[in-house]
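Consider the two complexes below, in which subunit A is the common component and subunit B and subunit C are the respective partners.
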Partner chain A sequence: MLKAFSPASHGLHINSTGLLAGLVILFWVVVAIAGPAFAPYAPGDIVDFDFYGPMSAKLWLGSDYLGRDIFSRILLGARYTVGISFAAVTIACFTGVILGMTAAALGGWFDRILSRLMDALLSIPSKLFGLVMVAAIGSSIPVLIGLLAVIYAPGSYRFARALAVNCNTMDYIAVARARGERTPYIILDEIFPNIIGPVLADFGLRFVFIVLLLSGLSFLGLGVQPPNADWGSLVKENIGGLPFAAPAVIAPCLAIASLTISVNLLIDNLPIKIRDRG
Partner chain B sequence: MSGQIPLLVVSRLGVTFLTLLIVSFVVFGATLLLPGDVVEILLGQAATPEAVAGLREAMHLDSPALVRYGQWLFGLLQGDLGVSYANNMPVADMVAGRLANTLRLAAATTIIAVPIALLLGITTAMYRGSLYDRVITTIVVSIVSVPEFLIATLAVLVFAVWLRWLPALSFTTDLSSFGQLLKAFAMPVITLSFVIAAQMIRMTRAAMIDALNMSYVEMAILKGASKTRVVLRHALPNSIGPIANAIALSLSYLLGGVIIVETIFNYPGVAKLMVDSVATRDLPLIQSCAMIFCVGFLTLTTVADIIAIVSNPRLRT
Partner chain C sequence: MTKPLVDISNLTVGAETDSGRRVKIIKGVSFTVDPGEIVALIGESGSGKTTIALTLMGYARPGCSITGGKVCVGERDVVSMSEKDRQKLRGTDVAYVPQSAAAAFDPSQRLIDQVIEVSDIHKLMPRSEARAKAVDLFRALALPDPEHIGDGYPHQVSGGQLQRLSAAMALIGGPQVVIFDEPTTALDVTTQIEVLRAFKSVMRKGGMAGVYVSHDLAVVAQIADRIIVLKDGVIQEQGTTEEILHNAQHPYTRELLSAFQPAVFASLDSTAKKDDRKKGPVLEVSNIYAGYGSTGRDGLPSALVLKDVSCKLERGQNLGVIGESGSGKSTLARVMAGLLPHARGWVSFDGRELAPQANARSKEELRRMQIVFQLADTALNPSRSIADIVGRPLTFYHGLKGANRENRVIELLDMVRLPKGLLHRLPRELSGGQKQRVNLARALAANPDVILCDEITSALDTVVAAAVMDLLKDLQKELNLSYVFISHDLSTVRSICDQVMVMQSGEMVELLSNSQLPDGARHPYSKLLFASVPQLDTGWLDGLPEDIAGMGSPTENAHDARLRANS
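Our next item is the complex of A and B:
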C-alpha cells in the first residue's frame, strides 16, 4: 500500500479515484496520530446544555446525548478505530503470512494439520467468534486487538499459503533448494519478495474487515468501553438521536464509511502490477 | 450420477463434520478462558466457601475439562442445551420461540433479496461497463464496505425520518393485524435485504461474467443470436451452478447481519438473545446460540460447495 503513495518513483500509474481514496486514508491516519491535539474541546467535557444539538459555528458537528462536542470525539475516536484495527491487522497478517509461507515450504503433516485447523477457525462467523470471546474474557483494548488478530489471521494464512504454494513450484525455488539453502532463507528471501504485492492488497482488505467488525462490536456495546469511544461506540451512544436525524449519529457513520470505502477503492484502483504480482 | 461426484460429496460432508467438531471445541474452550470462577460469579455476594463447593459439585465443575466437553457435546446432540446461568431456565425453552422468529426474518429476507439480486447481477454482467453497470457496482461496493448497522441507520433515516412510512427503532409487540406485522418486519427485512443482496449481486455478476467470457458464448454471438438469447439460452444454463453457489454463500452473510439488525430494531430473535446474554455472561446460552449459528452457517457453505461439485459437468465422466 505504501507504494501507492509514491507511484511515480516506481513508474506505476494510479488513477484519480485511487489517488482521492489514498488522500482520504492519509487524512484519517494523520487525524488518528495528531487529531486530538487539534480538538476544540476535551472529548469528555460537556459543552452544550442542549443534547443532540445541531451543527453550529461553535460545535461543528453538533453535540451528543450528553451535550459533548461530537467533532472532538470523532477526532479522538479515529485514534481508537484506526489504531486498534491497524495493530490487529498487522499482527493478523504477520502471523498469517509467516505461517502460510512456512506451511507451503514445508508441506507434509505440518501443512495439512495447520490448514485444516485454520479452515475450521475460518468457518466460525467473525461476529459470532467475537461475541463468544468477549463474553468469556471481557473487553479491553489489548483483548480487542488480540481477538481481532486471532479472528482474521486464518484468512491471511489461507491467502498467503495459496500464493506461496504457487511460488513454491517455480524453478528458482528448486534452484535454491538444490544450492542447499535452509527453509527460513527460502521463505524470507525467495518466496516472500514474490508474493508481497498481493499480500499488501490483502492487508488493506483485511484492515477494512477489522474496522467493520470492531465498529460492529462497539455498536453492540461489546467493543471499546466508555469513557473511551471509537466510531462504532459513538454511533451506539447517539443512536437515540436517529429519529431527529441528529448530526451526532450521522457524523461518525460518515467517518466509518469514508475510511472503509476509501480503502476498498484504493485497492480496486491499485496498479495491476502491485495488486496481482506474484 | 456416476464418477467422482458421490465420493467428493461424501468427503465434503466429512470435512463439515470435522469442522463442526473443531468449532464446538473452540466454543467450549471459551468457557475455560473465563477469568475467575463461574461459580463465584454466579453466587456473587453469597459466595461462601460451602456454597461454592456445593454448586461446583452440582455443576460437575470438578471433573476435568475434557470430560465436561464430552458431556456438553453429548447433551447437545440429544437436544439438551443446558441450563441458563442467569435465570435457571432450560436453554432449549428460551431459544425455541426466538429461533422461529429469526428464521422468519431470514426467510422473508431471502424471498425479497434473491430475485432482486439475481436480476441485478445478471443484467449488470450483460451490460458490463455501461453507466447502469457502473452505478449499480458502485452502490454495491459501498454497501459491502460499510458496517451493517450503518445500512440500518441509513434505512431508518430514509424510511422513518424523512419519508415517515415506518416506525423508527421500536419493535411493536402488537402484531394483530397484517398491516402491523408488515410494518414491524419492514425495517429489519429491508436492512438485511440490502446487505445480502449486495453480496449476491457481486458474486452473481462475477459468475455471469465468467460464463459470458467462454468461447461458446462468442460462438453464439457470432452466429447472430440476440443478446437476450445468448444470455438466457447459452450462458445462464451453464452458470446455474456458480450462481446457486453464490446464493448459498451470500445467505451465510445473513448471520452477521442478523446479529446487528435484531439488536438495532429490538427484534425478538436468537441473535438478540445472544447479544443480551453476553452482557450477563450467560455462557450456556451463548454456547448454544453460537452452535446453532455455526450449524446454520456451515450448512449453507456446505450446500454451496456441494452445488458447485454436483453442477460441474467435468466431474461426471
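Our next item is the complex of A and C:
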C-alpha cells in the first residue's frame, strides 16, 4: 500500500485504498451533477430496434427492454440515486446526532421519553414501513427523502447518544458545567468535536444503507417513478434481460455496487491527521 | 562471587512514530541482578523503567522493538531467542505483576482459575496440585481465608487483595525472576503496607530475584536491595539502597530525594490582611448530606456518601481534606462546586448561601470558585487546543475576545510557567505535568477567590508534583487565593494546608491544625493513616507494629466478611 499521498506539510495522509475509493465517489458525484449534459441520447428516446442489445460503439452499455440507451439512463439515474440518498442521510444524521447529544447532555425525562420514541420507530421493519408509507401518500422525490430520513434517523440518534453519554461523564464536561455553561455550548463545543470521527463513519455507512433501500424500493416499483429512473428502477425494468446476460441489467448493478463499496472503503480509510512534534 | 541471574548489557529499545520517524527510548542500559536480589528501577514516567523491565521477557510494547544489546536470563539471551522459546520462558522463568490488578483480572472468571492458568498453559502440574500450591501462596501472601478466597470473583475482593492475588498468579509457575511494575501505586497507603509486607516476605522465603519498578523512593527503600535511577532511558546512578538514600552522588537522584522531603510549611497568615479575617470564612459547608441514586422517603439519596460534614475555609488560608479512596473527599468537592446537589445542609460562599445546583448559581458565584480535577487527561477536552481551553473562561466570564483573549492566555500560561509555544497544541501533545498546569491555568483564568484542588498532584511524578506544589504556593501569594486541597497524601497536604480534615467513610473524623501534624492526631484512624505514609528509611516497614492494619480500614474487613458470607 502506498504510504503517503498528500504532502506531509498538510499533515493529512490517506492510503491508496482510501484514495481510490474517494476517486470513485468523486466520479459519481460529478456524474450526478453534470452527467446528463454528456449523455449521448435523451434518456427517454427509443434509439434501437433491438431490446436488451449488446454493448456496441453506438450504444456503449447496450439497450434496455424498450431499446433505450442504458448509458444515458445510468448517467441520469446517478442524479436520483446519489441526490436523494445524500439529502436523506444528511437530514437523518443531522437530526439524529443533534437529538442524541441533547438527550445525553440533558438526561432525565427528556432522554427517557425521546429514547423510547426512537426505539419504537427503530422497531418497525424499514422496508415494510417504506412500502406502507409510499402506498399511503404516493411516491414523489420529497416524500422519498423524508421517508428515508425518518427511517434512518433513530439509528443515528442511538449511535450519537451512545457516544455522547461516554463523553458526558468526562471531567471536562464537569468543568464546563461547574463553569456554568449552557447545554448548546456543552453539546456543540465540548461533546461534538470528540464524537465527529465515529459520526462521520456512521454517516457513510448510513448513506450506503439508504442507497440500497432506495434501490430496493425502486426495484419494487415504489421509488422513483417512470419515465425517470434511478439505478434501482433500472435493475427492475431490465430484470427480464438477465437470461440474455444483457448489459442493461448488469451495468446499473455495477453502478450501485461501485458507489456503496467505495463509500464503505473510504470511511474505513479516512485520511488521518498526523501531528508529530519535534 | 556468584554468576548474576539476569545480565542486561548495552540494551537499546527503539520506537517508530506515526510519521515513520525512529526514536530511541532506551539508550544503552546495562545492569545485573543476582539470584535472590531485588533491584529497583526508579524514575519519572517516560524514563523507560517499564520498557526495560518488559525486555526481561523479551517483550516490547507495540510500536517498540529491541534494537540492540543482550538480555540474559540465566544462560540464555532473550533478545536472540525465537518467539516460541520466549513464550516458554514467560510465566515459568520470568513472571510479571502489573500495576493495575483490577485490569489484569478477567471479571467473569473465578480467581483461582485465573491464578493457576499459568501452570495450565505451560502444563507444569496437574490442576489439583496447582490449586494446592495456589492456596499455599495465598497463605504466604497473608490473604484472608486462603482456602476459599479463590472461589470468588475479582469484584468480591478489595484492591489490595487483588494485587496480592496477581502476585500469586505470577509466582505459581515458580519463576526465577519476578517483575513488579508499580504494584502498589494505585493502592491506599494503609493497604500498601500489607501488600508490601506480603511481597517482601514471600520473595525472601522463596529466594527469588525481583525487578521492582516504581517512581516512589520510599516504597522502594522498603523492599529493594539495590536501586537504579533512570532518566530518559539512561542510567543516572546505581548503588545499594543505603548508598542511594544517604549518599547520592548524581544531581538527579538528589532532586528526587529532595522532592520527597516535605517542604516547610509557611503560614500565609502574616501576609493576609487582618480585616480579611473579620469578614468570616470565604467558604463554609454545614451539616452536608449528599450521595448518589434515587431519593428515598426521608429525602436522602439511596447511596449516601457524605454524612453530616461541616467545614470552613478562611480567606487566604488552605483547608486540606485527607482520607482513603471511598472516604467521600472528592464528593465533598463536587458538592461545593454544585456538580452534585446536596440533600441536606448548606454551602455558603462569602456569607451568602449557594444554590445546591451549579446551574442555579449566578455566573459571579461560579466564577469565584473554580474546581481543578485530578486527571488532566480527562479534565482537558482532547480535541480543543490549549488556547481554546484556557481562553473559554475568559470569554465566558470576562467577555474577552480575539487578540485580548490571546494575550491574556499567554499571560496565564506564563503564570503557570508554560511557554506560549504550547498555545496551539492539543492536550495529548503535552506531558502530564504540563497538562496539570494547563488545568490550573484554566481555573486561574476565571480570576477566582477559591480553587478546589481534587488530588491534583496524585497522578504526577514526585519531582513534577513538588514543582506544582511550589507553583500553587507562589500563586497564592500573588493572587490571594484560598485552596481546598483534597489528597490522600499526607506530606503534600502538610506542606500547604493550615488546617487538615481527616475523612473516613463519608464522615469527618478529626480536624487538625498544621502544627498538630502528624503527632497530634487523637483518633485511631488518623493515627493509622499518618503512620502508613512510607518513610525514606529502609527499616520503616519492618519497624511498624504487626497489627497496624487491624487498627482501622473498615473497607478491608467488610470485604472479608462479604467473602466469607459468599463462600
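By our rule, the second predicted complex is superposed on the first by the 259 of 278 C-alpha atoms of A that agree within 3 Å, B and C clash if a C-alpha of one lies under 4 Å from a C-alpha of the other, contacts with A are read in each partner's own complex, and residues count from 1 in each chain.
In this section, a residue touches a chain if its C-beta (ideal position, glycine included) is under 8 Å from a C-beta of that chain, and two chains touch if they have at least 3 such contacts.
Since this is a predicted model, take the numbers as computed values, not measurements.
In the superposition on chain A, A:Ile113 makes contact with neither subunit B nor subunit C. Look at A:Leu23: by the touch rule set out above, it reaches neither subunit B nor subunit C.
Residue contacts after overlaying the shared chain place A:Ile33 against neither subunit B nor subunit C.
When the two structures are aligned on the shared chain, A:Leu188 is found in touch with neither subunit B nor subunit C. Once the two complexes are laid over each other on the shared chain, residue contacts for A:Val132 go to subunit B alone; subunit C is not touched. When the two structures are aligned on the shared chain, A:Gly180 is found in touch with subunit C, with no touch to subunit B. Contact comparison for subunit A: of subunit B and subunit C, B touches the greater number of residues.
Subunit A uses no single residue to touch subunit B in one structure and subunit C in the other. Contacts from subunit A toward subunit B in the complex involve residues 116-117, 119-121, 123-129, 131-138, 208, 212, 215-216, 219-222, 232, 235, 239, 242-245, 249-250, 253, 256-257, 260-261, 263-265, 268.
Residues of subunit C that touch subunit A in their complex: 17-21, 334, 337-339, 358-359, 361, 363, 366, 370-371, 373, 375, 378-384, 392-393, 396-397, 425-426, 429, 442, 446. Remark: subunit A residues 3, 8, 170-172, 174-175, 177-181, 189-190, 193-194, 196, 274-277 touch subunit C in the complex.
Residues 15, 18-19, 22-23, 26-27, 30-31, 33-35, 141-142, 144-150, 153-154, 156-157, 160-162, 168-169, 252, 255-256, 259-260, 263-264, 274-275, 277-279, 281, 283, 286-287, 290, 293-294, 297-298, 301 of subunit B touch subunit A in their complex.
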